[in-house]
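Note that chain A is present in both complexes that follow, paired respectively with chain B and with chain C.
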Partner chain A sequence: TSWCCPGTGGAGPGVAGDRPCPHSHPRTCMKCGQGTAALVIRVGDPFCRSCFREYFVHKFRAMLGKNRVIFPGEKVLLAVSGGPASSAMVRQVQEGLSREAAKRLRFVPGLVYVEEGAVRRQSPEQREQSLAQMETLLKATGFPYYLIHLEEALELPPSILQPGPERTSTPGPSGPSYKEAVDSFIQQQRQDGDTGTSLPGHSSQDTAAGPSATPRLPDAAQTQELLRSFEAAGTATAREELLEMLRTHLIMQTARDRGYTKVMTGESLTRVAIKLLTNLSLGRGAFLAVDTGFTDQRHGDVMVVRPMRDYTAKEIAFYNRFFSVPTVIVPPLFTKRREKPSIHQLVERFLLGLQEEFPSTISTVYRTGEKLSPEPAKASSESQRCLLCLCGLDTIGGEWGGHWGAQGDLGSSCAPLSDPLALTEEELALEPTLILEEPAAG
Partner chain B sequence: LASPMVHCFYFRGGAELLFDGVKKHQVTLPCQPEPWDIRNLLKWIKQNLLKERPELFMQGESVRPGILVLINEADWELMGELDYKLQDQDNVLFISTLHGG
Partner chain C sequence: MPPPRCSRCPLPSSLLRSRSLQPFCRRCFLRAFESETLQALRNSGISPQPGHAVAVAASGGKDSTVLAHLLVRLNRERALGLRLALLGVDEGIGGYRDEALAVLRGVGAALPLPLVLVSHRELFGWALDELGPALGGRSRCTVCGVFRRQAMERAAREMGADWIATGHNADDVAETVLMNFLRGDVARLRRAPRGSPEPAVPRLKPLRHAAQKEIVLYAHFRGLPYASAECRHAPLAFRGHPRALLKDLEASRPAAVAALAHSGRRLALGAAPGAGAAPGACGRCGAVASGELCMACVLLAALDKGRPKLALGKRGLRVATEGGGGHWGGGEGGGGHQDGGGGHRAGFPYKELTQPHGPISARDANKGQGGGGFPYKERALPRGPISARDANEKRGGAKCPYEERALPRGPISARDANEEATVRWRGAVTSLPARSR
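== the complex of A and B ==
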């Protein structure tokens, strides 16, 4: 790269804060050396549109190929929010399925969308509109899709709070290796006369009540009850965590009901880095690997996979723009007047702000996270799992374990957590105490 | 003096929520002795187009971290960012990659 700048007395690359020379030059793509650069990736790598497209598409395939957790013919549920990352993810799956036989992705996708308008300050009309736009988007893929409302979380069975039994078809000493599975799948396809994607083109909405013409909103009483739960969460941070928990439970339930063994979620690299620091601040340090890693197996029968975690928010935004990936934007989670921002928002602001001066910030946080072991403390019995997030309790042992413990009844429908060791009755702090200053204006 | 210039500004990714939900604005910037670079443009946008909390769109003299700027469909990092001098018919697109608020 040459970042010459005649006016600055020969100051080259590496001027203040790692920024390139601010004077514009018509840049050439660093990959092909021919096309006009359309964007800068990472720190100062200009790419033209077509090299960028190759780079983007290749990264998805490499991510799945390297990790080898999705078996041929497996049913994979794509969790779609309408946002840029999950929409780009759907596009990559579509691209991957349509490729020529040798390099084609081989799983059977479905889509799930959780409509959250009740807690995003949308009027019923706005909710209907978002839902209609999302349905159009999902229908266009030709994959089976499921539209659910956040209100339905109020009706989830208690079984959602337990990991499901590990399936016998998962890889292991008893099942086929990945390579064997792929080979036998290809052979089977040849025998069957491979005619393209293995999915029958049915694009109707699959609901328990059968395909319906227009998606309906839940009744007002349910919406009120949901809002009450959210309002009862005392802080913006707790509210964000509650939303994510309910959404995850709904997606898991959908996967279980419909026989999906994998769920793909669209967390980007940027989002993973933010989540890493946020979760550390929330006291979830023991579970960073499972909360942000490529695979998340806490639910037992359904594995969560995060194939977008290697893409920055910028790469995704540019890809969607250049290649017309449709998205549906909804307003953010509601906040109360004069409420302090959530830890999530603070960390986002912190990381993105630091990134401006030091463009390696986010990738450094991400790469540090990559070094975390994916094997958190295994729960040897059900009583040693957190009821809400299904991770093994980290309240026993270690330097701090003896000082913190959570005990007590969690309600009549749940068994109280029994504790084999004698721990104190101190309650686990739910929220660190922060001293915040009002953000400066402008 | 710079002659009057017509431009289109687009707001996406949630950025439009700060501009009355309007995604496209076509404007003619007034003549003025100072050059119309992105720096001055942002000042103008803040004064004339921004309907809601300015700190959600701008920080100091630049856009808030997390907001991408494309000039004629190219990354502004390739064009000199705030120093880029606007030309007639240039399009500027702002995409927010932020999550809540």
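== the complex of A and C ==
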């Protein structure tokens, strides 16, 4: 409608001709054409509430269905942080599994929450409070749930630093195909009278390994030791990376201990775009596909899946608001005074700021990331894997590794290539990002 | 407490190195910097052999000045046996390029190295400052860059250079990785490690591992003068955004600059569609082109038609090759580059450039007056307010500018001033007369 801005020839002042008019007026949903639009997603698509819900749910099912990595009856661990994306993910799983859903999902979910209050500058009372709130939230789902403290990372076994054995039931030539698995599952369900995947009426609260089954806070000595590790990581960037690594390892260990073969994490599109640029800046260009892609099979026996990676933060926020998805917000990782912001924070601020001026920035970064081939540097043998992130090493055969000066002589009297003053290879390598203490033995 | 010591010798340190933050004294830093540049020169895949000719792309700015000095020094001290010359491009940006070129001439005199200058106005008929109305307020950086690369290619071929060396530093490489990711330019991301395809003149970037800060330090320690003004059009450039981010990243973690370059080299992007096939030649001018026309010709066609937005998009190529309604000659749809001897993909295009009356079908078919002129001059039908073009017209100019280079021409002062210097240095090299500046 061009009459809303009279006197400017149909376009608002300073607005390009193809942008919608800045003045607000009701629009109809583009999908059903009837309801009043409740929000605008992407660049200019208005949706009404019910069509938006359909769109949201459909995207989730399509993501899982298109990729076909979740087999029926499989145990899938949902990593919940209390934030909006993982909470929306839990809600999707709940709705997808419920009996009323058409073509309902067919896996067996569990929930895991890693309590990180020690490094987020929460007092013990605040930690207890967050913990209680999360427990209520998790209990309400009816799925089995596990509450872990970050301090437990100090007791991880060294086996966490190696990929587990590939299971024979994983998809591929050795195992059944997806279609066969679904068919046989449906058949079995009919035989069992459709009680196959019925969930227990109440949720059982399991805690992580440890003699004391109490979910309360760990003792102060452990917290102190954890804090010391984090302080030892000198920069904010290193601290963020450390936190992510420990959290991932804890979730992996839980999955292994409890027999889960898949882990779902709630990274949104916005988060993926930020992670792409962050990891580029950290030198992880070779591994962007595993770090941000839909599947991540580094750990061998447990696969990480990211079903929320196609949802923008805005869509998730609106969904949570419209449909009352509960969330628990915790403060961010601690930073020291007069410390430079971490690379993660810088990139986040940059992208969100640039998005204001160029509204397609974040989705463009995301789509560029999608073009990356999903076959990252495969480690040829165990010795070629990074110890901490389990990716194949990318330091060999590069500019400064391997072939030093193998290309011809530039003159007979050229200096020996190992000029003692040139940067040695260790210096040319990137500085270490983490200073880890050895996990306590046994 | 004693002052911090250099990490390589007992002298006190004067600086911390950019990436490792190690203390270095002046002498050790200079030696290390030179040594690393030499290694980067050798590690480039194929590296220049003794006897090769290297055109050093120079702008008068800090990177290219340091590069020129470094190459001369390494050539001398390590007996690399390279033949060097400076190659400058005048894009026609007033107040920025003029001063830089003045510094550049000083550099050429001091080293001493012969200097070759080419300008956008004479090669393409457009100086950057004149582009404003035609582009309608959009950023001119794309046009500037495309023309400059084309100009360097042509000049390098004319000079008989085997390599073009540019002063891209580590910060540039890192910014480029970020920028291409932000814009979703998968094609450029894919191309990055290998550089321009055959048969373009291969590129050398010996400073690609050097941090910008260290280049400034090197220039300072060696007392090298350079022009440090910023281009007038820079605020409009998109590159400003990733540059600002890079500054912050570097402050947070100095290794991020090198990390970005490393990431860029290791991106797993998969093979490009149509990769492996050697690119062909532009139908109009014979330059390297991945399509029918090179980017410069596409831009020029669109600028001529007054529709520059088109040029920067995919339809530009189609519009440029449309026979009807354009200024391009040869009404047989597509400009007649399909007929004529050899076709536009035959042979090594650059050999043909040096013989402008040779078998380039586009020229022959288009001009038809046997003795094809340089196509851009042909296109320069009187179009109004562009004085350079009018001036050329009056001189009956429809000739290849390279032929005219030996003759000083009116309004282009750089050309006049450089007249003595622009002698083919394949054989005897003329020494530059002393300059008063």
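Descriptive notes on the structure:
As a working rule, the second predicted complex is superposed on the first by the 371 of 442 C-alpha atoms of A that agree within 3 Å, B and C clash if a C-alpha of one lies under 4 Å from a C-alpha of the other, contacts with A are read in each partner's own complex, and residues count from 1 in each chain.
Quick note on the criterion: a residue touches a chain if its C-beta (ideal position, glycine included) is under 8 Å from a C-beta of that chain, and two chains touch if they have at least 3 such contacts.
Please read these numbers as outputs of a predicted model, since none were measured by experiment.
Of the two partner chains placed by superposition, only chain C is touched by A:Thr237; chain B is not. With both structures placed on the common chain, the touch criterion links A:Pro84 to chain B but leaves chain C unconnected. Looking at the shared chain after the overlay, A:Val40 reaches chain B, while chain C stays out of its contact range. By the touch criterion stated above, A:Ser342 is placed in contact with chain B and with chain C alike.
In the superposition on chain A, A:Pro331 makes contact with chain B only, not with chain C. Once chain A of one complex is fitted onto chain A of the other, the partner contacts of A:Arg321 are limited to chain B, with no touch recorded for chain C.
In the superposed pair of complexes, A:Leu277 makes contact with chain C only, with no contact to chain B. Set against each other, chain B and chain C differ in how many residues of chain A they touch, and the higher count belongs to C.
Using the contact criterion defined above for the overlaid structures, shared-chain residue A:Leu352 touches chain B, although it does not reach chain C. Look at A:Leu147: by the touch rule set out above, it reaches neither chain B nor chain C. The contact surfaces that chain B and chain C form on chain A in the two complexes overlap at residues 341-342. Chain C meets chain A in the complex at residues 8, 17, 19-20, 22, 28, 31-32, 35-36, 39, 41-50, 78-82, 177-178, 181-184, 186, 189, 209, 241, 244-245, 248-249, 251-253, 255-256, 258-260, 262-270. By the touch rule above, chain A contacts chain C in their complex via residues 235-237, 276-277, 279-286, 288-289, 340-343, 346-347, 350, 354, 361, 364-365, 367-368, 371-373, 375-377, 394, 398-400, 403-405, 407-408, 410-415, 417, 419-423, 427-428, 430-431. Residues 20, 22-24, 27, 36-40, 46, 84, 240, 270-271, 313-314, 316-318, 321-322, 327, 329, 331-333, 335, 341-342, 344-345, 348-349, 352-353, 355-356, 439, 441-442 of chain A are the ones that touch chain B when the two sit in their complex.
Note for the complex: chain B touches chain A at residues 12-14, 16-17, 54-55, 58-60, 65-66, 68, 70, 73-75, 77-84, 93, 95, 97-101.
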